[in-house]
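Next come two complexes built around chain A: one with chain B, the other with chain C.
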Partner chain A sequence: MTNLKPANTTPVADADPAAPAAPARSGWRSLLPTMTPWLAIGLALVGGIVLFGLIAPLLVGDPRQIRDQGLTPPSAEFWLGTTQTGQDVLAQLAFATRGSLQIGLLVGVLATVLSAFFGIYGAYRGKFLDDAFSLFTNVFLVIPGLPLVIVISGFVPRESRGLWTIAVVLAVTGWAASARVLHAQTLSVRQRDYVAASQVSGERPWRVIVVEILPNLLPVIASQFVFAVIAAILGEAGLSYIGLGASNSATLGTMLFYAQNGFALSLGAWWWFVPPGLMIALFGTGLSLVNFSIDEVINPKLKNLRQHRRRARRALRLERELARASRRTAAVKETDR
Partner chain B sequence: MTSVHVTDLVKDYTIRGGLKRTRLRAVDHVSLELTPGRTVALVGESGSGKSTIAKILTRMETPTSGGVKVVRDDGTEVDRAAYRREVQMVFQDPFASLNPFHSIEHHIARPLRIHDRTAAGEETRQRVLEMLERVNLTPAATIAPRRPHELSGGQRQRVAIARALAPGARVLIADEPVSMLDVSIRLGVLNLLGRLQREDDLAVLYITHDLATARHFSDEITVLYRGRVVERGPADAVILDPHHEYTKLLAAAAPDPERLGRVTADAPVDRDAIDNGACYDHFAGEWREAGVPAAEARAAVRD
Partner chain C sequence: MNYFLRKLSFYAVALWAALTLNFAIPRLLPGNPVDILLAKLQQRGEAVTPETRKAYALLLGGDTSDPLWVQYWDYLKNLARGDLGVSVSYYPAKVSDVILTSLPWTVVLVGVATIIAAVLGVLLGAIVGWRPGTWLDSLIPSTTLLAAVPYFWLALILVYLLARVLGWFPLQGGYDVVLTPGWNGEFIASAIQYGFLPALTIVLASIGGWLLGMRNMMVSTLSEDYILTAEAKGLSPRKILRSYASRNAVLPSVAGFAISLGFVVSGSVITEQVFSYPGIGGRLLGAVTNNDYALMQGVFLFITLAVLGANLLVDLLYGLIDPRTRARA
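Now for the complex of A and B:
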């Protein structure tokens, strides 16, 4: 018999087998992506914007306050200038960022829950339910998203078009693609022996899904969530820009809508439309960078590729240095002679 | 103690290919009997229905016809609710049968908790450590918090065995438990299974395609071919005195250390010719129609 004892057997542990075991190490650590410069930039962008959205509204003044100094460029008093009606752009940007983040988070959560339910539960149960869920998902997949959103938003009267309405509309049109991905992934995971083993030991179906299958899907779900947040913020900005956003809410989209209505572009008031546009672009960039790092967890090949490239670069550099060094010694010998 | 009576088991799979539907009979009127303290080996090539029988016995598949009856010593039949406590399974691939996300402790603690063998908390942890020690995984306290990828194949298979025994199983289905392991640790795992069987008086169904380990480890061998039982009998009798053409083929395929030189593959075998549709029963000492229940066969011997 070989390999019965691990190499690090300690006599102390042998002598006292009744000693309580160390708390079980969880699998969470393996789910975290490796820190790379890209991930750091992404996290910094997302973290910075989220902090801005959380804290800045408390520090700035009333974004609706109208002053008689319209369309002033950035100055010491108004860091990002004022709008046509003399409202502080920085204050507006702070509240708009918060509004957009709210929508993004709400839609992200809703869409992820919907896609997880239809994707994972359907694939786990199989047979008729799976067929029904797949059909349902496919129907939602081929519904053109933005036109439907426009129709629904246009149909709901403006007074009752609140934050939740927009969030639900965006979530309902945006979950299907993620559900398909999760469906495929679940089909693969549920075939694994450990799922069968837990069924044989008598686990209830919901526990098999939540405890045995779900953790192995977490990287995929996280990636889908991040994607849903980006899509939601962009979708909401698009809706608000054409004037179909949530009523009496302030988001980056409504800022752009008012800037457009106020002829900001033709008046050359760049401080009015550049900040919200840039904010959307930077937040999208940040989340995408985070998403690429999550992709590495899902597909270790990408990680190997990156490490391989780095090793190759380092080897090349070393080789060059060696060549240079040997040339130098050769030159020294030459002069010595 | 618990025994299992499999009678006239049939499992059909429907294969859908476009508009055509064909039926594949994976298991064809198989009868088996598992009794406490005895090991029955189920031998056959890939696709002969071994794993399907294992799946039916563990209730992962429902049979098309025929039945599985699990009976305790006092004559009461094991019902649905208690089935999973009595009948457990060790999977073939130890690299796939443990969830990479969870610790070893989780894998053994869950069956204990599900079947109310322990109260939550410290008692469960103690039981987990006991189970790990029973399968020679020591020091248990350092193994328990690890995750599967930190263990070797042999160690993982021991964890899988501990998990199967955790609910207090009386019947163990071992689906090729050593085929994925290094040759050097196979014997260790098989001896462990043998020891646990003696200690707990387990009824074991040992599924394999390896005649050598089947003879070493089991009391009785049942040879499956194309879903049918083609030969059954005491382990030595089946291997040393095979009657069915397919069993002869299997026995000849096993490498023989006495024979020198390289054994080259013979001419392709005519599969239909070796299939005579009958089953040689060593207990009865005669050919029978395929599908005669083992109990009847054995009863015939006793008469």
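Now for the complex of A and C:
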């Protein structure tokens, strides 16, 4: 039970008939999303960008090296052109992707832990604690996040604005929405009979939560984690773009910040400001597509719908083929006559 | 407790929490904002009296000998009088005046764009969810691309394509600077022309969420028994779509308005920066770069107030359109 990863980190390997523990796995397999074209695209996008962020920084040159070929468009030497000071955009992109992924992962984990604590623990304990936690969550939900982040970052002096500071600020302002989702799910899981059974048999609260409730929430937590990562990468990019990001960090947002300050827009240097944003957009899209498939696990109605649709399509195709075949035989008979 | 009373008291608590956060942030974080602010003030040739110092210290914390609760009380009293201090970057304008001149720009821009995005998204979502399995439906996952795009980057791309390459729209600003702001046709036309790109950015970036939420709710609603009953009664599909399915499916979208509004406001703060729009987001960022802490806090308070107010309005409306919320209370 403990060696199973959350649904979103495990690439789906459904078609594995040789699995020895087939009956034990089948229960868990319902927690894994079915492979659809959209999921495949999502996994490919996420996997490709993660690999790019991990490997590419080792292959490219120094992103800060200044050359006398400023603002050259993409060429054989510099695949993505150069910046105003002749820095290689591809090299910058590689390091920036790594930086953005780092902060996304960090904030994703922190925010998920916070939301799991306030959402699940509050809903499990009920009564006064639940009311207090819910109120707290809702208040954080209605206070607009980014302005708060901007104000906090504005007060922290530049030199003490490190990676962790930004990560904590983003996590603290970004956990509330998923806490509410987890809260609602926990409320429904908590009322199941097996939870009552383990409570009656004298299990301690943390054990009931970890062993009985948490496994049922895994798909929801996975999907909330994915959301948190997207939100974190977007939030950090926004902060860095306005110059409030972590000092001496290199992320996709800081790349856009330098592009804006280097007048990339008015000079028409599209190769400078398009790639970083596109990278964020593609990574976010990939994660959302993965989330779509996780949604089908959480809400089987969506999955039934898809299967129903596929069956309907197949029936339609068969019908059409039959009609065509009968028409052909009719035509053949016609000519025979 | 009555539904409306409960909502009102929740927003009162939220407001109090926002005010307290505003009070606590500068006191908890490192750095001495009061000194930086007063130094800036002195650069402008303003004599710093002990009273000015005390006023800023109340707002931002620092070297007062008063116990914390006295500071807190005085801070609340100052806010109640509408006294947010003097802006350093727009000296000698008062913070509240700076905010009040820029607030209408943002409220109109974000308000109009959000309403357009919500209405369009919900309508499209209803249509797509009504006939699942069509080619429209298979396009749904691609809307996630729009939702995953950073607002400000979308703004950059739109500016590059529509304003710089094609030259259809002005690059930045809120209105033609040769005109004087006022309620005349020429100025309003100019404001609309300048506001089109920022609004388009917000609409494009937020429509995906509305569409998707509505479509998913439609799918769930269509499998309800009362839809089957309506079909069995022989009602026309259009009537079922309008009066039975969409009406019930739209409720979560209305309830989720709170969360979306927060995101939209957050996104528009940075979008305004891209367009150098004269709204409140641009003021906030200007305040941050100029260490204008008083303005910074004021803007944050106003944004929070506006978002809380809009949410309260939507919640009260929700109580009217969904009787179940009132019954549960």
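General remarks:
One rule holds for everything that comes next: the second predicted complex is superposed on the first by the 310 of 337 C-alpha atoms of A that agree within 3 Å, B and C clash if a C-alpha of one lies under 4 Å from a C-alpha of the other, contacts with A are read in each partner's own complex, and residues count from 1 in each chain.
Keep in mind that, in the parts below, a contact is a pair of C-beta atoms (placed from the backbone, for glycine too) under 8 Å apart; a residue touches a chain by one contact, two chains touch by 3 or more.
Source: prediction; values computed, not measured.
Of the two partner chains placed by superposition, only chain C is touched by A:Ser288; chain B is not. In the superposition on chain A, A:Asn216 makes contact with chain B only, while chain C stays out of contact range. After superposition on the shared chain, chain A has more residues touched by C, the comparison being chain B against chain C. With both structures placed on the common chain, the touch criterion links A:Val139 to chain C but leaves chain B unconnected. Residue contacts after overlaying the shared chain place A:Glu203 against chain B, while chain C stays out of touching range. Applying the stated contact rule after C-alpha superposition, one finds that A:Gly268 touches chain C and leaves chain B untouched. Judged by the touch definition given at the top, the superposed model places A:Arg192 against chain B, while chain C stays out of reach. On the chain A side of its complex with chain B, the touching residues are 1-6, 8-10, 13-14, 17-27, 30, 192-194, 196-203, 211-212, 215-216.
Remark: chain B residues 58-60, 84-85, 88-89, 91-93, 96-103, 105-106, 110-111, 114-115, 122, 125-126, 128-129, 133, 136-147, 152, 154-155, 160, 163-164, 166-167, 184-185, 187-188, 191 touch chain A in the complex.
Within the complex, the chain A residues that touch chain C are 38, 135, 138-139, 141-148, 150-157, 160, 177, 230, 234-235, 237-238, 241-244, 256, 260, 265-266, 268, 270, 273-274, 276-277, 280-285, 287-289, 292, 295, 299, 301-302, 305, 309, 312-313. Note for the complex: chain C touches chain A at residues 10-11, 13-14, 17-18, 21-22, 25-26, 29-31, 33, 132-133, 141, 144-145, 147-154, 156-157, 159-160, 164, 171, 216, 219-220, 223, 258-259, 261-263, 265-267, 269-270, 273-274, 284-285, 287-289, 291, 293, 296-297, 299-300, 303-304, 307-308, 311.
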